[in-house]
Amino acid sequence: MPDRDTKIHAMPLPPYLVPRYRGWRATTYAENKIWYRKLADEGQNPRIMAIACCDSRVNVNGVFSAETGDIFLHRNIANVVPPYLPDGDPHGTSAALEYAVKVLRVAHVIVIGHTECGGVQGCQHMCSGKAPELETKESFVGRWLDILRPGYERVAGISDETEQLRALERETVVVSLENLWEFPFVREAVEAERLSLHGLIFDIGAGTLQHYLPEEGRFVTV
Amino acid sequence: MPDRDTKIHAMPLPPYLVPRYRGWRATTYAENKIWYRKLADEGQNPRIMAIACCDSRVNVNGVFSAETGDIFLHRNIANVVPPYLPDGDPHGTSAALEYAVKVLRVAHVIVIGHTECGGVQGCQHMCSGKAPELETKESFVGRWLDILRPGYERVAGISDETEQLRALERETVVVSLENLWEFPFVREAVEAERLSLHGLIFDIGAGTLQHYLPEEGRFVTV
Amino acid sequence: MPDRDTKIHAMPLPPYLVPRYRGWRATTYAENKIWYRKLADEGQNPRIMAIACCDSRVNVNGVFSAETGDIFLHRNIANVVPPYLPDGDPHGTSAALEYAVKVLRVAHVIVIGHTECGGVQGCQHMCSGKAPELETKESFVGRWLDILRPGYERVAGISDETEQLRALERETVVVSLENLWEFPFVREAVEAERLSLHGLIFDIGAGTLQHYLPEEGRFVTV
Amino acid sequence: MPDRDTKIHAMPLPPYLVPRYRGWRATTYAENKIWYRKLADEGQNPRIMAIACCDSRVNVNGVFSAETGDIFLHRNIANVVPPYLPDGDPHGTSAALEYAVKVLRVAHVIVIGHTECGGVQGCQHMCSGKAPELETKESFVGRWLDILRPGYERVAGISDETEQLRALERETVVVSLENLWEFPFVREAVEAERLSLHGLIFDIGAGTLQHYLPEEGRFVTV
């Protein structure tokens, strides 16, 4: 390991996770060792890329009974796909999307929003002028949620705050679907029928999924 | 739902996922309904933020027997934390970090790298001049992996390619730990003993974890 | 500290525990300090209330790899839930249950019985007339185990003593589940789908768990 | 399994606990199987009885690096020992105490209070007239906390509410030590030098222990 100029701050694995990790190794890993080795040797070949929120209550692999190797999963605040902007700066979501579509050649990109999203609520407060701390240049959360402003404008007329929040949660998915379409490699893959796009809302408390049907212009329970 | 100017491309949920989702609802959801409702009503209060790779073979929740509500999970290509750059542009990883530390006040931020990482291999190829397509302004993957160039420089002298790749995988975690320390709110929380940082490497085929011990300057098997 | 009329008998911490406590502080506490402070500042929010026996061989937190903050744990002899009796007298188990369900709003109440239970064996001896010392008014153990008499009556016909004991151990869980249902606040929470009840038997020597399935009327290995 | 007249409400083990239990069996249990079987065959022989709070943040076995078989552990709200009252009614704490001292013949009874105790705070509110809902006959929590009223009276003169709460937390231990002394079998065992009594306060956030020294009339850091 080379010399370091920079001070590194790192602690060992939190002790309470050690028995859980050891338990996983002695059961799930031991029972699936052949598959894990095969995945390590042959590389991943996932069928799906999912873009979901970081929220600890959204378990994409769980909801789809997915297993190791099934889903290439990008998670950011409020499941946002930013606009296509090839300006030479780093864009983590766009990089993940490019890798999934061009290298892994996934068959589906699924954007999964969810109810009770703290990020979406922050966006609502910011856009309605109630969260000036999110409007500063230094607020990473605020600048990230700026991407959703076009969505807010579409629901700004809803007077009931909770109803507006529910609508804005759905709009995060729609804005992301709109932005997806601006990526040339996405459009090309969809037009070549190598890729399909999907938009979902997951209701945490009810455990239900809705998918967006563009021909109806709304979300419909699966 | 308001009018749309932009064409939206979205298909219903892929049919093969429907029975899996319905199965999840009839079993895991039904058996945990009370917990999910409580999480929806009361909000999340995760103890950990984890930053892991999008790779479909890395199942953070599985390895720690974690459940819905336990881990605030950001996943991007190569588990990168970018440098601190409050320039008013959107930075998804920095936004997730800010939300976790300042709003959720998690107790731990854990960076989890892994072996056989396609992103890290791309970085290796790019930095050694073997992947000119990643060096263009338009390559989102290339521009994202630029963040890891300081890590590459430290392992550039390793002549064996596989050995260099293994070293670079570890460096992704170290670079991210270094960058974490540049975020004022991270540093402040660590110094106030409200937050600890952790760096791990997960070996996909062997199912093992190593943690980074800065006092030894190396990764050690947990 | 105010004056005392009553003589207090108390010794310092037994010396052999001092190095163990100091070791815990220098390791587990030091590594989890951030989490413990957060728990102290924000209060507990456990997902589970467990009702287990005081027996030193039953380690509920261990079996579930649970950590500080996870389980609100009441332990009494033979994991008994007494009948609902709001007579104005102190009832420790009922108080713990009320606090867990009404104040903490836990999602699960789990009754955990175990094999080789000395309390249950005492109940068996008392109910079969072999332990007159437990039948006196002054016997706290006897009067406590009276609560399990309805369970004994159901197994009284089993002639093999060991087999009867095993059956009575299971009945302690069933009687407690029956009594739980008599508490209006438990019933209300279950009916509102805010709470679920669970009955387990832990086999100390075999290290196995069985759960009670009411639709089958029996315990089944997990 | 005999017929049931009463409806039983019970669900299977919550699914998220299943992998943790399986992990425990494959590691901790597998590595200690010989000891667990010995404990099952020979019965328990703990050296200590501990009386602690149900609070999920108080892990007595952890603090003393205790293992399966070491501590006979009774946990109730606010670590209360009620007055000696052999009236023929069930008293769970007194039963546990009697079993520990007379049957198991433990060498130590340790009462462990803790900071930030919700039960003690409830007692404070009730005794100062701020929690009328705890004063009803139907409140199990209130009637249980009545036992601590003599402790409240001693701290009633402290005007600062937080300071009063800290003092009352300590008084819960002192009241329990006083009540312990009223149990004839406890007094007899102490006088025969077969048993010693101990009072501790555990500070959750600071991870420290204090023990009560009657000759100084106060708690002193261990």
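A, B, C and D label the chains in the order they appear, each numbered from 1.
Throughout what follows, a contact is a pair of C-beta atoms (placed from the backbone, for glycine too) under 8 Å apart; a residue touches a chain by one contact, two chains touch by 3 or more.
From a predicted model like this one, the values you see are computed outputs, not experimental measurements.
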| item | value |
| --- | --- |
| Size of the rotation, in steps of 5 degrees, that lays the CA trace of chain B over chain D | 115 |
| Geometric centre distance via CA averages, chain D-chain A, whole Å | 46 |
| Whole-Å separation of chain centres (CA-atom averages), chain C against chain D | 12 |
| Whole-Å gap between the CA centroids of chain B and chain C | 41 |
| Interface hub residues of chain B, defined as touching at least two other chains | 28, 33, 35, 37, 65, 67-68, 108, 196 |
| Chain contact topology (line, ring, star, complete or other) | complete |
| Complex contact set, residues of chain D against chain B | 11-12, 14-16, 19-20, 23 |
| For the chain D and chain A complex, residues of the former touching the latter | 19-20, 22-24, 26-28, 30 |
| Interface residues, chain B side, partner chain D - complex | 27-28, 31-32, 35, 65, 67-68 |
| Contacting residues of chain C [partner chain B, same complex] | 33-35, 37-38, 42, 45, 47, 65, 105, 107-108, 193-196 |
| Touching residues on chain C, where the partner in the complex is chain D | 1-2, 4, 6-14, 17-18, 20-21, 23-25, 28-29, 33, 36-37, 39-41, 43-44, 46, 48-49, 54-57, 59, 61-77, 80, 82, 86-100, 103, 108, 110, 115-116, 118-119, 137-141, 143-147, 154-155, 170, 174, 177-178, 180-181, 190, 196-200, 203-209, 211-214, 217-218, 222 |
